[in-house]
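Both of the next two complexes hold subunit A, though its partner changes from subunit B to subunit C.
This part shows the complex of A and B:
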């Protein structure tokens, strides 16, 4: 591919890509920078870049004011829990759609995806009422269910595209070899789909980690994840940019690290199996 | 033991009637080949027997028991796929062992069976490799190994050699024939290569559009095809079909003469013709000729003959080798 491009085209393309990349990265960079400033410097105009008094006091105060680890633990439980539950349903669903399709399979897939197009606030009241009546408010179990259901269409869609690339012959060979359906899925399909499953899981962990609408509306303290932790710093007492930045940095740090180390998987996953 | 009997087996995909109704008897230990043009339903019929497709109607009896509604695993058959369909994430050893593991065999039994299959198939040195690191022929052997360890009632092959190059194909053909002689297990083999069919089969089943056109020993089909389709399909190069005045002389609608059943002369004969293309293969020569008033024909002569483009020749069919057909394409008794 590269050999076909003129050096000039290649260079300008790279420059463009870098600019886009930096633009996307800048807010995160700025957030991290701000978290090391004093509140005064954080709002000073013009803003200072490097030449300010680096301080850790925001982190110290954030840790003092609220229990970061409790929130972080909840985030981990919600993100991983909803992804694992989702995987069980998504794998079976995608198996059926990829290997035993009917005329309506494509429609069903699109319909599932279309549920993601509705703004979640549209179902907030009914879901809130159900949660209240069933005593699910502020429980991890309730949130895991909501997050899992919210992300299920994307999981099914991603796994479906991965499974489509697996030759049906191989599953049929397993059937001839006497594998029952669960064994066929566990010993043959899943090992072959490991890259797809890994990227599906990663993407869903990230989506669930960052999900703010439901986590903020359905929790107060017991099940509150890091999104609630951040939100507690944009408080009515006024905005404290530096502390908010410190809290946000703490909240995104784990997922950023995971994302960084699993870039390859993620890119594959986000291109939905288009890159082989 | 593996006697298989199909009774009025039907298969439709939606509105598409792929197998309108097939009756067939396959005896224990027989090597049966399904041949037919692409899309005639060979694979579908094989997959129905395997249980990978559900029959729309009819019975499939294996050793007398109707298995039409049983899962593939319950039928005790093994299948070798055209694409090999090996498990890419498992070693050769585990590929071969998978069926035994599923059957709950003990480690010792698995070890013994895998090793003996590997020995038969010359795979002993490759047991720890993944399928990705094997050549096409080796993969094919692994697929066969996976099939034989399970001691099936019958082997099903769906065009197992079509992904191999010509030389390897001849080799594997002999290996599979050898395997059949050794194991004496029923084999059903699908191919559209009629050379494979002729050389390997005890019994050939010629299919067209989901119907059985003829069942018989290779030489029976060659010598006594029941209709024009079988006559044209079995034998290579294809039989020549000639109508018009010549057919009238034999009191039928059309006659068929195989390319190898002509006497060729440069002086006199029944059918005058002009050579268009001569293909010299050394052991034999194919002449593509234009017969006067009859159209293009193919003639096969043994050895080298010094003929080329534009040469005038005369062809005389061997009288007892002439096939006669009526207007419906059905064969008439030999004249």
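This part shows the complex of A and C:
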């Protein structure tokens, strides 16, 4: 427990904590390091930590051999697309629920939450068949819809908890001054809601980027994002660790950065406001 | 403040989201329920017929169901214990004054942002490979034989990977809860001569109980449907050793094309998830009233 710490206690506890932290982070560190090795060095025992020939070859080859860029673009399109569509629906819905609540608002919110509890395998078969019959399999449009709907409850909830914190007095004051509803939204509400909307966007991009049930089951190549691309490395075909690492590093890097920026908001979004 | 007009606007504005969600969940779920009572195989189209509860009887008496149910429970239970206990310990650790604490916290949280397929393949190859993996090398340093993780302990391997991914989630939430703990209370207890252990069990742990419940419930919902980690590493095997309910339903639907059987399995999965969901929704609903 925290008490009056001696300088020695502070230093030794810091050392201990850093060892623990580095151990947890180690798989990521090791992946990044391996991505700069040759395939031969990647599997060498004992493993080399610094003294190897650093190379960028793997990154070049991942692009050349498997058209990495196409999959990355799909990931971006799916994540951003589903987020933007989601925002249009979620902002209006959460706005209404926070500022014009009815008796049923609470039930509606909880019902939305309950749809998120539905395991995807429960609807896998019909969704797959509908996608097949409507020609949506392996299309970006189909997946954007799935990802948007999957995350819509989280978006509504997160925005709702943010909007609830906006003082309604201000809205009433604006109304007294003759602000119409659109003006009220654009000039009064939106500026105050921007931080909440931004964090909701970031969380949704993270979730959509890493989603790996629907993306694996509903795509084959045209619309396949990075999750599916990385999964294609699971077949054992000779030496490929360094390339796997390079592809993986590229796939997780952007989301790691976004995640680090939005870690505080993440708690609120993922716990539906139950822990702040 | 809600006038009749504003109530109406509210309804109109929230309607689109509610309608699309309803279409997305209720309609497919209805279809799944309907399919689950049919003989329906994609390989023999045109032979669909109503067979009552036969699919359920087959699914529930299939030894694969029992095996996958056991695996599901073992996976969920083990990961919960590891992440909650680890999360409390790491949360307490990160709540102390540490040199460079902000950066350290980023390192600990990082695994949560790694996509499941990357997580699985990095662990399976770079770390757990019995020949060239990091663990094999470490074992050899101590003169121990290397463990062939995915052959000899496949479910344990999956549990380790999934725990690594979800540990940061527990840390993040428990740390947030810890930071809202009233320092005065702790100091008062210290003045009265309470040791660190007593403070932990009588002050910290009760304060965390709500956050722990939230972690357990939310993780359970996600862990019941672990899929990608199994898909890219073991494919459910060897045998059925790492097949959970989600994966079993997937194999029945998209590998054996048994729509009827898979639908019955999907409904069983939904029922299992709902048992947990009821508690979670109640808890969050209570929170909403505050």
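To be clear about the criterion, the second predicted complex is superposed on the first by the 207 of 276 C-alpha atoms of A that agree within 3 Å, B and C clash if a C-alpha of one lies under 4 Å from a C-alpha of the other, contacts with A are read in each partner's own complex, and residues count from 1 in each chain.
By definition in this document, a contact is a pair of C-beta atoms (placed from the backbone, for glycine too) under 8 Å apart; a residue touches a chain by one contact, two chains touch by 3 or more.
This one's a predicted model, so the numbers in the text were calculated from it and none came from an experiment.
Looking at the shared chain after the overlay, A:183 reaches subunit B, while subunit C stays out of its contact range.
When both complexes are overlaid on chain A, the residue A:28 reaches subunit C alone and has no touch with subunit B. By the document's definition of touching, both partners, subunit B and subunit C, reach A:172. Within the superposed three-chain model, A:260 lies in touch with subunit C and out of touch with subunit B [touch as defined at top].
For subunit A, the partner touching the most residues, choosing from subunit B and subunit C, is C. Once the two complexes are overlaid on the shared chain, A:10 sits against subunit C while remaining clear of subunit B. Of the two partner chains placed around the shared chain by superposition, neither subunit B nor subunit C is touched by A:133. Look at A:192: by the touch rule set out above, it reaches subunit B but stays clear of subunit C. Across the two superposed structures, the residue set of subunit A contacted by subunit B and also by subunit C is 172. The touching residues of subunit A, when paired with subunit B in their complex, are 167, 169-170, 172-180, 183, 187-188, 191-192. Residues 1-3, 5, 10-11, 13-14, 17-18, 20-22, 24-25, 27-28, 30-31, 34, 42-47, 89-90, 92-93, 95-97, 99-102, 105-106, 108-130, 149, 152-153, 156, 168, 172, 181, 206, 209-210, 212-213, 216-217, 226-228, 230-231, 233-234, 241, 244-245, 248, 251-252, 255-256, 258-260, 263-264, 266-267, 270-276 of subunit A are the ones that touch subunit C when the two sit in their complex. On the side of subunit C, the complex with subunit A involves touching residues 1-2, 6-7, 9-14, 16-18, 20-21, 24-25, 27-29, 31-32, 35, 90, 93-100, 104-123, 125-127, 131-132, 134, 136-137, 140, 164, 167-169, 172-173, 176-177, 186, 190, 196, 199-200, 210-211, 214, 218, 221, 224-225, 227-228, 231-233, 245-246, 249-250, 253-254, 259, 262-263, 265-267, 269-270, 272-274, 276-277, 280-281, 283-285, 287-289.
Taken together, the subunit B residues at the contact with subunit A in this complex read 50-52, 71-73, 77-79, 81, 83, 85-89, 98-99, 102-103, 146, 150.
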